[in-house]
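In the two complexes below, chain A is the common chain; its partner is chain B in one and chain C in the other.
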Partner chain A sequence: MRDASPAKTYALHVGVIALLFVLNFVLPDYHQGLFARIMALAVFAMGYNLLFGYVGLLSLGHAMFFSAGLYGAGLTVYHLGWGVPEAFVAGVACGALLALAIGLLALRTSGVAFMIVTMMFAQVFYLLILYFAAWTGGDQGLVIQQASRVISIGGASLDLTNSTVRYMNALALFSVVLLITLAIVRSRFGRVLVAIRENEERTKMLGYDTVANKLAAVVASGAICAASGAAYALLFGYVGSSFASVQYSILPLLWVLLGGAATTLGPLVGTLFMYYVTDIASGFTSAYLLIVGVALILLVLFFPKGILGTIRERWLGWLP
Partner chain B sequence: MMPLLTTKGLSRHFGGLRAVDGVDFALMPGEIRAIIGPNGAGKTTFVSLLSGRIRPSSGMIVFDGADITGMPAYQRVRLGVAYTFQITSVFANLTAFDNVALPVQRTLTDGRSKGAVRTGVMEALARTGLADRAGTPAGQLSYGHQRLLEVAMGLALKPRLLILDEPTQGLADSEIDNFIELVHEIAKRATVLLIEHNMPVVMQLADRITVFNSGRILAEGTPEQIRANTDVQDAYLGATHG
Partner chain C sequence: MADKNGFFDLSKKELSRRTALKGIAAGTGLALAPGFVRYSQAQSSAPIKIGFQLHRTGIGAAYGRWYEKTSAAAVKAINDAGGIGGRKVELVIEDDGTDPARGAEVVAKFAKQHKTDIVFGTLFSHVVIGSAPAAGENKIPYFVVSEGHHVASTKLNRYVFQPGITDVKSQIQSMAPWIAANAGKKVTQIFPDFAFGYDHRDYLPPALKAQGADVIAQIAIPPTESSFTKYFPQIPAETEVIYHVMVGPAVLTFVKELGEFYGSQRPQLFGFIDSLEAVDINSPGLEFLDGSHFWEGSPRYAQPDDSAAQKAYRAAVGIDDNGAAVGDPKDVSTAAHMFGCWETLYVVKKAMEDAGYKGPEDRAKLVEATEALKEFAEGPEHPQGPKSFNGKIHQCFGIQNISKVEGGKLKVVHKTKIEDGLYEPEGDYTTQAL
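What follows is the complex of A and B.
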């Protein structure tokens, strides 16, 4: 039952955040940078998980929400000279609006049709980025200068190119989104989302407007993914069309499947795992993608519900 | 008194098959109405039209004075029309608690009252005798308990009209006695429309009985009248017994 162990649940999540905080001071430079990237991208995975894991809607177009945030933040800084906080908000707003529009159209479909429709929209978005190369930098992308990536509050200034500042900002975003996801999942809204995943017809017959609930989930998911994209642009100083390509629609799906769909911490675990397997494998051989592939296959064979999903099933039933 | 629900010329065709064929029907507030009829008579299709689960081919449905023919199912539920499925369709992977929490939380207007969901859920589970199963995933309950959970979910919607589609199917005799008591209890606050094959249950519960055959109403009346009706005996009571 969901209220069986709220204390344990909160302790676990706060503990993970605290651990990540401490890691900043322990990790060697290279890994500190990698972790900052992983936390920013885990936000992408969490946004994807909200829709895929909890509502059961498999989108193949989430790269467009990530890149809506990426470009929404990046272009306002680059062309309009906006400050970092405004640009971040602009990125999230772009993602939320895009998700609203796409949701209104794509939610007329379900199942395979939904996958195809979202993929087509993402492809259109990708092509638009290339088409408007004069503003977006096309496939070359744009580099956001260090000077534009400084947050000045009053007299103090935070330089996002500083590795610790970058790490802490990534951690802050990750923590906020993790706690938001946890709150959603434990809320009445979250219960309805899971019910839709389990049996949408039945949920309607309990008086729920399932389309409206799914739309709300798409918008929340799109906004979270856009937050990840916006943070990525601002923290790492680069926007490029590759982030809008189909690969970036598949990646969050892989991360979530690996970590455990419909688990709050699965997206982090999956992203972390993928990054490190790739990193370690590429240290040994140039055929590292082969090793990554084998690792994925082994995981799917032995952990069909993802790492945390399997742990929840076998040992820790209370995991949210 | 004005009927709670009426249908006029209500029909639903599946290809050439007239599953429901021009049905005029009226239900008075507060009554317990049973619908009986042979397998394939159109009973489930008829109540599915009432609940909005499927659309009529033609005809009209009026609930509490308002035309609800074109209204989506979820809005009808909000008006007070609750439907429990003939084929058990509880959320198998969710606990009994969460299954009932879904209808309970929807009827709560005060979104902030933290304990209200729990109280409402435990009350509905207690009324159906499932209180000690709250933490069990619905899919692991016995079939009879799943039927009762289905009823608990219907109850939790606080309906004005509760439609039960063969609720006693798969229940043990002892459970059936409790169930009859439960329906009497429900009927104090709601109108009940009950599809049922088990004739003793029908005879004990129904104020009136409507007999369906081949998509049409064959007869309607009190239990005594229906028992005495020779058409009904030919079509149903004597012959088939599902």
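What follows is the complex of A and C.
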């Protein structure tokens, strides 16, 4: 990362947030709903990117952190009747705690072994959801009723099933997480993470505790992914085991690779791109996954570092 | 632009004959212009758009293909007979990939982008449950053909209906009297360790108990299992009936290994045809099923006593006497379930006509009109048989078939009554706001 003037960087990020805010009033109904979903899932990708892009740890088990948030929030609403804010906090806490436990174990490995260990833990998590079907709804999942998805603050209430309220909540979460990731990657901590990615041995020799830093990154990544899962449950009202399946571990990797690993805005670009290619292609053919595959191959050929990664390399060296 | 000829001069009082003729000619021309005609009739004769949430890809694809064929045949039949309230019906198809997240997006797409009148056709339970919130939020009636108990459990919302196929709780309950009277009193259940299996695990024991029979063992098999022999020693020796509902590609191995385990001395076998939908009953390895019994929603094979309506339905959908596609005997249909698409579309027609449905602004009226339905008589619109409908739980109840595998075919040996499948409602959707 070359030196950038902070003003330019912050202006870009605030500009993106402002653009997304304006889009709420401009987009047709269907696309407004789709954007809310994309922003919520882009948070998942941002959490993944923190670990994969900046620390260089490729996890194939992040579905468990997303679904820890999804179930942490969903089950507290469904079974305990908690309110939306408490449930959201519960979801994030579940993800952070799980990430701490998994991090302590999985960080004893690296490279391919780390991939396999995280994938196995995620599989265990997935099977646990099926095993405790009496509480989780198993493979069918549970519906969070509309009446439970209302935030009451004082006398006012915000109905998350209202499309504008939902969009704004997704945008708020997205904005906060975007600014947090930006702050992380610009901080000392963020630079140590990049140093670990580039050369862990040398970073150790320089006196940094690489294990502690990596663990902190796993917990931050897990908590962010869980925030995305919790938001997804509360905004869209469905909690199901398919979100814990291996597919949802691969998807954030794909979104991040597409948008550009180790770029703060790449996860949004990647998620947006994948969603729209799928949505548009499925209108023309049932073989839309083939089109998605071809699009991915073309991107790898012509944008090997992802869309924003390549743009940064060729034109805008200051992009964070 | 200057008004040189005083065209817009309202102070001119005289209307010349020439001006009047011009005005009449222009007005007539405008009224006859194709665009104007289309516009003036938009409310009355624009097609009714039905959003078809289809499992075109993913694990539900085999069912999806036949759901599509059956629905297309029903729409053709409805349109040939004048449509719904005089308006043609059009299916707008979106693939949900048999995925609940995509399912919810597809429902939103129907409501907001395609602006369909209703959404219809979903089979897999997790997709129905995942999509139901989107239907409720968009206030678009969502007619599923899923056979899951989720609609009748009243855990979804007021916009979700299942009027064309019975639910699994009712089906299981209807089977119990026949099993207890004809197959045996000591039953061992073998089922997949996920939701479809749990319905059978939970609903069969009380239903059998009421008939004086017992489930003496329940064996849950993990969905990832590919070999089953190690589970068979768990089957108690005194078992008189094995009740099996394995599904998926492993079912062929399951049956083959069960055959090897028992040889010629086996207990009675009773299963749900869900295991073998779209699978040829004469596939190698299934010989062991000869003489065993299956639940069927609608019979796969043509029966000697088929009604004229059943014959017409089979011809319209394009299945032969063996339940395979006409002209392709290997393309076996999902006959036990797909009739639900046909019947659901006719229920939609009836409810829309009862509601005087004009367009999306009448969706609430359509919900109420559907809830008001009580009975569907057997006939061309309901070829599977008569049904009753409970508007409070949005679920229909009907007859079930028990078929015996004989000479490589399924022969119906018993038809249950509607009453056999009735149970106490678990809630009431009509108390929810529209």
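The rule is short, and it goes like this: the second predicted complex is superposed on the first by the 316 of 320 C-alpha atoms of A that agree within 3 Å, B and C clash if a C-alpha of one lies under 4 Å from a C-alpha of the other, contacts with A are read in each partner's own complex, and residues count from 1 in each chain.
Methods note: a contact is a pair of C-beta atoms (placed from the backbone, for glycine too) under 8 Å apart; a residue touches a chain by one contact, two chains touch by 3 or more.
Everything numeric here is computed off the predicted structure, so don't read it as measured data.
K.L.:
Considering only touches as defined above, state whether A:Gly33 meets chain B (first), chain C (second), both or neither.
P.N.:
second
K.L.:
May I ask you to decide whether A:Lys204 touches chain B, chain C, both, or neither, giving the answer as first, second, both or neither?
P.N.:
Once the two structures are laid over each other on A, A:Lys204 reaches chain B alone.
K.L.:
Based on the superposed arrangement, let me know which partner A:Val194 touches: chain B (first), chain C (second), both, or neither?
P.N.:
After superposition on chain A, A:Val194 lies in contact with chain B alone.
K.L.:
Answer with first, second, both or neither: which of chain B and chain C does A:Asp139 touch in the superposed model?
P.N.:
Once the two structures are laid over each other on A, A:Asp139 reaches chain C alone.
K.L.:
On chain A, which partner touches more residues: chain B or chain C?
P.N.:
Counted on chain A, the partner with more touching residues turns out to be C.
K.L.:
Touching A:Phe243 in the superposition: chain B (first), chain C (second), both, neither?
P.N.:
After superposing on A, A:Phe243 lies in contact with chain C but is clear of chain B.
K.L.:
Contact-wise, after the overlay, does A:Phe21 reach chain B, chain C, both or neither (first, second, both, neither)?
P.N.:
A:Phe21 contacts neither chain B nor chain C.
K.L.:
Going by the contact rule set out at the top, does A:Tyr10 touch chain B (first), chain C (second), both, or neither?
P.N.:
In the superposition, A:Tyr10 touches no partner, neither chain B nor chain C.
K.L.:
Return the residues of chain A at which the contacts from chain B and from chain C coincide.
P.N.:
Touching chain B and chain C on chain A: no residues.
K.L.:
So in the complex, the part of chain A that touches chain C is made up of which residues?
P.N.:
28-30, 33-34, 37, 130, 133, 137-146, 161, 236-238, 240-243, 279, 282-283, 286, 288-289
K.L.:
Which stretch or stretches of chain A touch chain B in the complex?
P.N.:
1-4, 188, 191-192, 194-195, 198-199, 201-210
K.L.:
Going by the contact rule at the top, pick out the chain B residues touching chain A in the complex.
P.N.:
Listed in rising order, the residues are 51, 53, 72-74, 77-78, 83, 85, 89-95, 97-98, 101-103, 105-107, 111, 117-118, 134-135, 153, 157.
K.L.:
Hey, which residues of chain C end up touching chain A in the complex?
P.N.:
Per the touch definition, chain C meets chain A at residues 56-57, 94-95, 99-101, 104-105, 108-109, 111-113, 125-126, 129-130, 132-134, 136-137, 148, 150, 155-157, 193-195, 198, 223.
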